[in-house]
Structure formats: C-alpha cells, structure tokens
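Same chain, two partners: subunit A is paired with subunit B first, then with subunit C.
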Partner chain A sequence: MREAALKESANEVRRMRKWKLSQIIGFVILLLVTITMLSPVWFMVTTSLKTTKEMLVFPPTLIPKVFAWGNFSELFTNTDIKFGQQYRNSLIVSIFTVIGTIISSSFVAFGFARYQARSSSFLFMLVLSTLMLPYPAIMIPQFLLFMNLGLHDSLLPLILPSFFGSAYMIFLLKQFFSTLPDELYNAGRIDGCSEFRLYWNLTLPLAGPALATVAIFSFIWSWNDLLTPVLYLDSQENFTLPVGMAAMLSSKFRLAPWNLLMAASILSVLPIMLLFAVAQKRFVEGIVLTGIK
Partner chain B sequence: MRGLFLLEKWLENAEGAVLLKLSKGQRRESRYFYFFISPWIIGFIIFALYPVGASLYYSFTDYDIIHAPVFVGMDNFKELFHDDQFWNSIVVTLKYTFISVPITLFLSLIFAILINQKVPFSGFFRTAMYFPSMISGVSMALLWFWVFNPQAGLFNYGLSLFGIDPIHWFLDEKYALWALIIMSFWGLGGGMLIFLAGLQGVPAHLLEAARLDGAGRWKTFWNVTFPMISPVFLFQLIIGVIESFQVFTQAYTITRGGPSYSTWFYVYNIYINAFKNFRYGYASAMAWILLIAVLFITYLIMRASKRYVYYEGGQNR
Partner chain C sequence: MNKKWMSITVSLVLVFTLLATACSNKEKNSGGSTAKEGGKGEQVTITHYTIDSPDRTFVEKLIPDFEAKHPNIKVKVTKAPYEQFDSKLQSSIAAKNAPDVTSHWGYGGFMEYYNKEMLLDLTPYLDGFSGSDYNIPEDVMNIYKVDGKTYGIPLNSYVTVMLYNKDLFDKAGLSYPPTDYEDKSWTFDKMVEYAQKMTVDSKNLEEAQYGVDFGFGERDQRPQYFGAHVYSDDTWSNGGKPSEINLTKLEVVDAYKTIYGLIYDKKISPTPAFSQTVSGQYGDPFLSGKIGMSVVGSWSLAAAADFSFNVGVAAVPYNPNGDVRSVLYVDPLFVLKDSKHPKEAMEWIKYLITTEIQEKSIELSGGNPPVNQAAAEKYYNNFEGIEPKGIQQVFDGAYKYGFESYNHLISNYSQINELFINELAGVENGDKQVENVLPDIEKKLKDLLARVNK
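Coming up: the complex of A and B.
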C-alpha cells in the first residue's frame, strides 16, 4: 500500500520534472491571463442574478447574496421591453439568413467549382474582391433601394440579400467542392443524373461538414449584426435583439438596469454558446478557415 | 500553292480562335456555369455594383430622400475638407486602429506560442481564451459598459486592488477611447486560434533541422516559425485593419460618439449624417472615401508584405 503510494508520487515527480521551466512560466502566465479574461464573464453572470440594490454595491460581491432569478422572467413579462418578441425576430432573421446563405452559396460555389467558362476566373476574382467591400460604403443606396420597395421597418431587408450568395461562403464551399473527384461526377452522369441532381443529390450530401461551418458562421454574423437592423427597423416590436438591447440602455429606465441588461446579454449569447457546445470542432475549423472571429 | 496552304491554315486557326473557340461541350459547360452562378450575378449587381455606383453619384448631390437629388459637383467634398467632425472621426478611427490592431495581434500570437509549447492543460486554455470571443456585438458592449462603470464596475475594482483611484472611463474624454481599446483586447481569442493552427502547421522537420544547426529558440522563431506563419499574420493584419475602420457597435451602444466627440468613429459619423441629419449625399461622399481608404490600405499592406511574407511552394509573390 505504502509502496504503491510512494511509486505514485515518484511518478508524479518524474512527470513534473518533464515540464521544462519555460512551460511552467507559460502555464502561470496563461493562468493569470485566463482568470483576467474570464472575470468579466463571471461579473456578467453574477450581476444578472443580483437585485438592483446589490448590483450597485462596491466592491462587487463575488456571489449574489440573494439569487434574483426574477430578472430573467422580468425580461419577458415587462411590457416596456418586448424582449421575447425581439428574441423571436432575431431567430427569424438568423434562421432564414442561414437557409438563404446555405442554398444560394452552395449553388453558386458548385458552379464555380465544377464548370469552366471564358470569364470564370475573372468572375471568381470579382467574388473575392467583394470581400473587401465595406458595408458602410454601400449601405446608403441599399437602404434607399429597400425604402423604394416599401420594405422599411420590416425584417425582409435583413434576410433577402443572403439568398444571393455570400462571398465568404461561396469561397469556402468552392474550395471544398473542388476537392471532390471528377470520377464521382462522371459516374453520376453515366447513371443519367441531370446537372442539377449532381448538385442536389450528389454534392450536397457529401458537403455536410462544410455546410455546417457555413451555417454556424452565417448564423453568428446575422445574430450579432447591429448596423443593418438599426438602419431598417423603427418600431420596438420589430427590433432584433441587438437593437432592442441597445435601446433598453438608453430609454425608459431612469437608472440603467444592469442586472436586466446582463440577463439579456446572457440569453442573447446562449444560441452561440449552444452552437459551440454542439459543434466545437466545426466552430474552430471555421474560424481558422475564414479568418473571421 | 504554298501561299494558299498558309492561307488555309490561317483561316482554320482564325476560325478556331474567333468563331469556334468553344466546342459544343464547352458551350454546354459554360451554359451550366452561368446557370449556377446566376444568383450571385444578380445579387452582385443589386447589392454591390449598383450601390457602389449610386453612392458615387449621390456623393456629388444634395439628397434628403424627400426631394430628388440635386447635383452640386464637388461641394460635398469641399465641405468635408473644412468639416472638423469629419477630420476628428478620422483621427479617432486611426488612433483606435493603430493601437488596437497591433497589440491584439501581438498578444494573440504570444498566447498562441505559449499554448503551443504544450503547457499543462493547453486544451483548457485554448477554450477558455476563446470563450469571451463568443460574447460579441451588443452583448459585449453592454458587458464592458458595465465593467467600466465608475461606481460599481469590475475594472475600477481591479484597479483599486493596486491602489489606483477610480477612473470615469466612458464619461471622461481622456479615457473613453482607451476603454474601447482595452475592450478590443478581450476578443483576441479568435486570432489566437488562427495563429495556433498556423503554428501547428509548421513542419516539425524544419524545426528539427534548425535545432540541429544549433539555432537557439529566438533564432528558430524568427528564421523558421515566423516566416512560415507570416501569411496568417498578414491576413489577420488586413482583416483587423478593415474591421477597425468600420467600428460602429461600440460607439452606437456605449458612447454615442462622446464624450466631446472623443469616440466619434468614422462609420458612426456616416450613420449620423445619413440617418439622423438626412444628408445622404454628404454621407455618401464619406462612404466613398472609406471605400477608397480600405482598398488603399489593403494595397499598401500587400505591397509592404511582398518583402516579408513567405509563401510555401512558390516564389514570393
């Protein structure tokens, strides 16, 4: 018994010794940095559970004395905020954006990956060049266009553009589709597949992981977007979550309701956290591939 | 005879080149090409080409939506030249960009290197440092507005542990922009993941060869590791700069451009002029300047990088 314990601790020491000094210094630095970086998250979670009185206490209490779970339900019951409605709007916009982006971008990417035409490399350059086009530089004519179509204060202008392909996603999917072997398509053609079925029945089922990456990132971008909905949405019941939360800060309350705002923030990052939990591998891969965080 | 033969040959080639360059199969292929990319072509015309052109046209007009645009020539640009708010927005945006982007890049590279040397619990650190990046946009802005709260915020509490007096972050024009810069470091996790992937892609045999040649850690990093990840570095730099030129969320949610215009970012200025002051023509002129600035900066970085960026499997492009 004692011998075993001794052996165990000797192993421990050996394992410790294997770590070089630089690794231990690195560990300590990373630990301090991580604690610093995660402390605002802790602050956010605890504030969301504090009463209005306790949230203003300085220094901040590490753990709420009373857990005010009511903050979360107040978001949905307080009729001045319309949080539930805005949450629904955000879900509608993001889900339809994901659907639009997946369908259109994979369709276009398939064209770029499988067919050649005289202008195909020029057009692909054009796709890539739109990546550099800053949205603020083109938002005014886009806004006026949708105004003239009578789509002001509606969710449609936030969704519609995604049905025409997103340059990032076209690029990403084209890279993936190009890796699929030609033999596959020849076999499909011999079996009498139409070109559309080569796309729909052959390519898409093989592209699951790549499509998942596209779905995750188009969801996040659309979910977090503030500038576009700020331009288009005027009435509180049409706001998406980011607009609604920014408005919560500036109006109605004499004192900024930080506990409610933190509760709202937590609920608003929940879908993203869920995506991360479910598809961490795709998530990380997507960040590395697109370079967008 | 010989002349005739040559003529015939020339005709054949010319025909091939001009009239029948595409075989039947190729024509069929290009039909499918255009069929599949047609959604993008339509979208490109409506949501990119037209807006770029229209905003150039509007930039030479006075336009308030209610009345038709009135052509005013270069007046908008002349006015911009004397507009203090315009110049201030450029200074604010550049200051933010040139402080935030390099430091964020530097820190994310350092942390990626630390994690990559197989410290204990490296998997945990990777996730933990990326975690904050999931809280972005307005949620992040709200959280940090609260963290920087002068009376009850976490940041001043942290400072008080070091005996530093409370700072009125977003209420003080000297500190507001700095608070936004500090806030931007919080999102370094994404960049760190990208660098980490880059570092893991450095071939082990190169590092081994450097070690055998007697290169120290520092030399190995500068002469082997860094050149190998330099394309990643360049890409991140470009994206970082383009993103910082377009900061809007923080200004809109937290500071509303204040106090005393100290966080009056360029895009916020466009937004206010177009959608609050209804000066669409004037704002379009600014939008076009932004477009050119983004293209120009990208070009500059690419040009400067020609000397320093190493692309594997090809000469320096």
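Coming up: the complex of A and C.
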C-alpha cells in the first residue's frame, strides 16, 4: 500500500518535472518569438536616439554610443517640421472621426438589426456593396464635392464622411446588435421606452465591447490615413502626422533623417497604444462577440 | 447618467459645428489662381506646387522678396510628399484647381505631362526672353521645346557623377580616379580592375564590401553608356514615342550582360539584397561606407557632409563603344494649361532663374545645382571636403558627354519604368538570365506602347 503510494508520488514528481521541461521549452520559444517581434521596436527606439553620423554606421549599433535626446525636442523646435501642430491636427481629425463613426454607424446598424422592412436585407446588401468601392474610385468626385462646398484645405473633408456611416462599422455593429434578445426590447417597450430610448438607453450601454472595437478601428484608420489629407490639405498648418512624416522621406537629394523619423514614429504610436491599453479588454470581447477580426 | 450622455453628445456636436464653421471660413480659394480687386489694379495669386522636402520648399523663403518686387503678384506654395505628388496633381487638375507653376517632380516626366496636354505653350509669354540673358546654354533651353514651342524653363541641372569612398581607396592602396573627362586612361575596364581590388565578396555582412555600384540612369537608359540604344532614334523627335524597341539586338543584350555581370560574374557590385540590408529599401548603399565607387545622380553630393567617411567626386569612366557618359537631369518649371495667370507665373519663373536668386537657392536648398551658369561657381564651392575645381571639371565633362534622362523625354515613362523594374528584378536577384528576360520585356513593352500611345 505504502509502496504504491510512494510509486504514485514518484510518478507525480516525474510528471511535474516533465511538465516543467515542456514549460521551459515553451518559455524559450515564447521568448524567441517575443524578441523577434520586439526587435523592430528596439531598432525604432535606438535609432531615434542616434546622431546622424551613428545612424549611418553599418552594422548598426545596438545601443547608441551617445544618446541624442535632442532628436525629440528637435521635432518640436524645428520650424520646417512643425510636428506639434501636425500632432494636434491628427488628434482633432481622429477624435472627431471616432465620434462621427460611432454615432452614425451605430444608428444605422440599430435600424438594420431591430427593424424588419420588406427590403431591409436588400438595403443592407447595398450598404455592404459600398465596401467594394476602392477609395481611388471615389477620390475625384468626393474631391470635387468638397471643393464646391468650399471646404478644401480644411480638416473637414477628413472628418465629415465619418458622420455619414461606415459600411464596415455598420456591419460590425449590426452583428452585435442582432445578438441582443428581443425580450429586452419588449420589456423596454412595456416600460414606455420610445424607439430612440431603446437605442440610446438599452442598446448603446450594452454594446460597450462593439463600440470599443469601432472606436479603435476608426481611430487607427483615421490616424494612419495619408492619401486623403494629402489630397485635401494645401497649407502646412493643416497637415496631419502621416503627411508630415512622409515629407521627411520625400527628398531624394539628401539623407532621410531616420533618427527624427523614428522619434516621430514613437510619439505617433503613443495614442494608439494608450487607446488600446484602455480599451483592450472590451476590444478583445468585441472581436470575440462579433466574430470580426 | 442619461442626461450626462445627452449633454456630452450635445456639447460635442456644438463644438464640432463651431470647428466646422471656423475651418470653412478660411480663405476658400486656396488652390489655383485667384484674383481680387486691390486698391491699385488687380492683385493675383499664383500657386507653386512642389515636393514637401527642404530642398524644394525653400522657395517659400524667396516669396517676400519677390512679392515686394511684384506688388500685384502673390505666390502660394502647395506641397505633397514625393510618393503622393502625382495623385495630388491629377486630382487638382480634375477638380479645376490646378496649380500655376510646377515641375515633373513625381514619377511622371515632361513628355507624359506634354502628351496629357497638361502644359501651357509658353512661347507667347516669352516676349524678349532669351536663355542667354539668364546664362542658360542654348542646348539646355532646347530640352523642353517641342516643334519650336517652349513648354518648360530649366531651373536646376543635375548630372551623373562618380562618387568614391576615399577611405576604401586608401586602404586598397589605389590612386584616386580623375575628374577630367578627357583623361582616356580612366576606362570602364580600369574601373572594374579597381573595383576588384576593393571587393570583399563575403556572406558575412560585416566583412563584405563591393568595388562599384553602377547606377547609370534608369534601367532602360543604362545600355546607352555602352553605345547600345533600347529605343529607336525617332523617339527624340516625335514626342517621346519610340517606333522600335531594340531589346533583342546583340549590342543591347551584351550591354545588359556587362551591367549585371558586375554583380554575378565579376562579383564586384552589391546584390539588391545586400543593398537593402545595409541601406533599407530605397536607400543608397554607398552611404554605408561599404561601396568603393558609385555612379549616381549628383544629388547625392548634397549629403556629402553627412557621410561617415571621406568622399571624392570623379568622372564617369570612358567607354570606347559609347559617347554618352552622363545622364543629365534638367529640372524645368512648367506653367499648367489651366493657369489663369500665365504672365504672372512667367514672372515668378524668370525671378527664380536670375543669377542672384539661383545663388541664394544653392544655399537655401542645401546644394541644388543652378541652371544659370553664372551661379555655378558658387555651387562648386558648396561641398565641404571636395575640391571645387574637381567638381567643376566633372560637371563640365558631364555636360559635354551627357544625354538628357529618358524619364524626361519618353511618353508614359512611369509605366515603362515600372515594367523594366518588375521584369528585370529576376535578373538583378540572380534568378534569371538577361538573354531570357529581354525578349519578354520587348514583347510587353511593345504591347504597352501600342496601348498607351494610341
């Protein structure tokens, strides 16, 4: 009996050892993958702290010999770059785009999810079909429209379209709204809710994860968009970050200031990282619940 | 809770409306020409559209002086990053919001603009204008003439030069190459011989270094150095539309074999993989200090002060078979067809090519080569550590043995260039042989030309 117990506990120890070994291998693999994934970030950070001369050295130094912290302040003091102003413009555009997308897309998605009209599926297909239109196809007509409205060279052409719904976000939100039970709405109606309050007080508070997903996606798309601002913005004081950063690479006649560009990249990913950190839990839930990645 | 959300939304909408009105009330006629009644006669605004990089946007610093001298003209500079230059220009033209003055600073070239009828014939506005008044050589002025009509006024003239890494030359115990184009002892074979002495062809990137990077013009122009011509001669007289393609002719095939042989037979030139590793996708591997000699556009000189090694400039070697030793890149200024103020636009262009402004531009741009030869002296003195006399000799020789870049002369060049880049990638990576690829390119190029030059 005792022997059997001892044997069992020895087996246990062996299993634990075995498990530990596999755990170690797992850790090593994960560590390697992490290093591989983080190495571009490492190069971004180190390059941002290098002097122009050190930036050109090959093989590249892993840690800068002299830490050129001045690269970061140069972004804000160099009058040719105007980084601060571009940052502010990008924030204005992205924040209002998020607000516009959330308000308009959730409204339309609520309609599609909750009301069954005879042609609603046809209309929904029509909305989805706009996903197939590439931006270059609508670029010139939209440009003409905003020119005629006198909005050219302002931030409005970058923000306004988001207030008219985004097919992708409508689809995403409709998927989520459709999962909410009818009983909930019936209960609301019995308690005297108007249709708008069903949307505002019932649907939106329950749709946190989906709304977080929409917010993150629309923020990232708007934050990274280069072509639209290039087309609409003429004055440097209106430029957004991607336009300014692409301009740093523009000159074939001189060295690209990679160190400044990397410093700018670090600062430009901060809002996205912040947004993701705040909304991460809901974002993941949103992806799981809506089945959209 | 509900009230709170409602009030947040209402406030946001209000703020947004305020912002919207604030933004849209700005100057509405932001692009293209505008005119408004001034106190004394009409004041007009012309738009100068350029790449958003310091060596181009420096013109903004010249505007106050110009406007003081021309009180009835205001100049507005609009800009776009290099990659988006063409898309912004095309959409502005489509929206009838075209700039007045610009150049072919994107992917497209002069002939492409000309054939798309984007350019204004400047001849009626050239009353009393002569290139010689601005010290522009006659043949340079002629580059942008078609059927006797002037469509562009030259602004900067870049040439092809050879840059060399003095440190690698010293290490290999080699004497520096000459700056004199008449020195016929400096031949292509001699360059190869020098390159062989400097090359360390190794898989270890730290040890590897190569003798020469032969970046003479774009891929379709490179055979010209060897006396072989990809396009028939009528291309240069009929609006940049070649009637024949000679890619399968023996001398063209041999020229390409020699060029790519530098990488894979002689192993003295870097592979694209090596170049990308040491300098990124669009970078110049010469900057890494691991290339002995680089045949390259003279714009690379502007960065000379930032190199981490000593650099020299030399003549592109003599080749007994060819008489073209330098690709010239003369950047002009155009007035676009939709301009409402071509006369004022011409005033701005004339201002930019005066000796005083061309000299000032060298300094402000960081080293743009002036087309006005009276300002050239200042340009030659602009590069720290490089003998001005040497640069002058190289430029003189390059003009004498130069040929204008194909991308300025051939119609629909961006598509042609893309075809060459894509199709020759296999050869450049060492996967395919020149003789197998060229017939394919010839066929595709003929199809392309038949389609675009209809």
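Operating definition for what follows: the second predicted complex is superposed on the first by the 231 of 293 C-alpha atoms of A that agree within 3 Å, B and C clash if a C-alpha of one lies under 4 Å from a C-alpha of the other, contacts with A are read in each partner's own complex, and residues count from 1 in each chain.
Convention: a residue touches a chain if its C-beta (ideal position, glycine included) is under 8 Å from a C-beta of that chain, and two chains touch if they have at least 3 such contacts.
Everything numeric here is computed off the predicted structure, so don't read it as measured data.
Contact with both subunit B and subunit C is seen for A:M139 once the two complexes are overlaid on the shared chain.
Judged by the touch definition given at the top, the superposed model places A:G150 against subunit C, while subunit B stays out of reach. Within the superposed three-chain model, A:D80 lies in touch with subunit C and out of touch with subunit B [touch as defined at top]. After overlaying the two complexes on the shared chain, residue contacts for A:L172 are found with neither subunit B nor subunit C. In the superposed model, A:I92 makes contact with subunit C only, not with subunit B. Once chain A of one complex is fitted onto chain A of the other, the partner contacts of A:A207 are absent, as it touches neither subunit B nor subunit C. When both complexes are overlaid on chain A, the residue A:L56 reaches subunit B and subunit C alike. In the superposed model, more residues of subunit A are touched by B than by the other of subunit B and subunit C. Looking at the shared chain after the overlay, A:L158 reaches neither subunit B nor subunit C. Of the two partner chains placed by the overlay, only subunit B lies in contact with A:F276; subunit C stays clear of it.
For the contact definition in use here, the residues of subunit A common to its subunit B contact set and its subunit C contact set are 56-59, 139-140, 143-144, 147, 226-227, 230-231, 246, 249.
Of all the residues in subunit B, the ones that touch subunit A in their complex are 22, 26, 29-30, 32-37, 39-44, 46-48, 50-52, 54-55, 58, 65, 111, 114-115, 117-121, 125, 127-139, 141-147, 149, 151-152, 154, 157-158, 160, 186-187, 189-191, 193-194, 197, 235-236, 239, 242, 245-246, 248-249, 252-253, 267, 270-271, 274-275, 280, 283-284, 287-288, 290-291, 294-295, 298.
Taken together, the subunit A residues at the contact with subunit B in this complex read 19, 22-24, 26-27, 29-30, 33-34, 37-41, 43-44, 47, 55-60, 104, 107-108, 110-112, 114-118, 120, 123, 126-127, 130, 132-145, 147, 161, 163-165, 170, 195, 199, 223-227, 230-231, 241-242, 245-246, 249, 258, 261-262, 264-265, 268-269, 272-273, 276, 280, 284, 287-288, 291-293.
On the subunit A side of its complex with subunit C, the touching residues are 52-53, 56-59, 80, 92, 96, 99, 103, 139-140, 143-144, 147, 149-156, 159-160, 200-201, 226-227, 230-231, 234-236, 243, 246-247, 249-256. Note for the complex: subunit C touches subunit A at residues 2, 5-6, 9, 12, 16, 19-20, 23-24, 26-28, 30-31, 51-57, 76, 78-84, 87-88, 91, 94-95, 97, 205-206, 278, 282-283, 287-290, 297, 299, 302-303, 306-308, 366-368.
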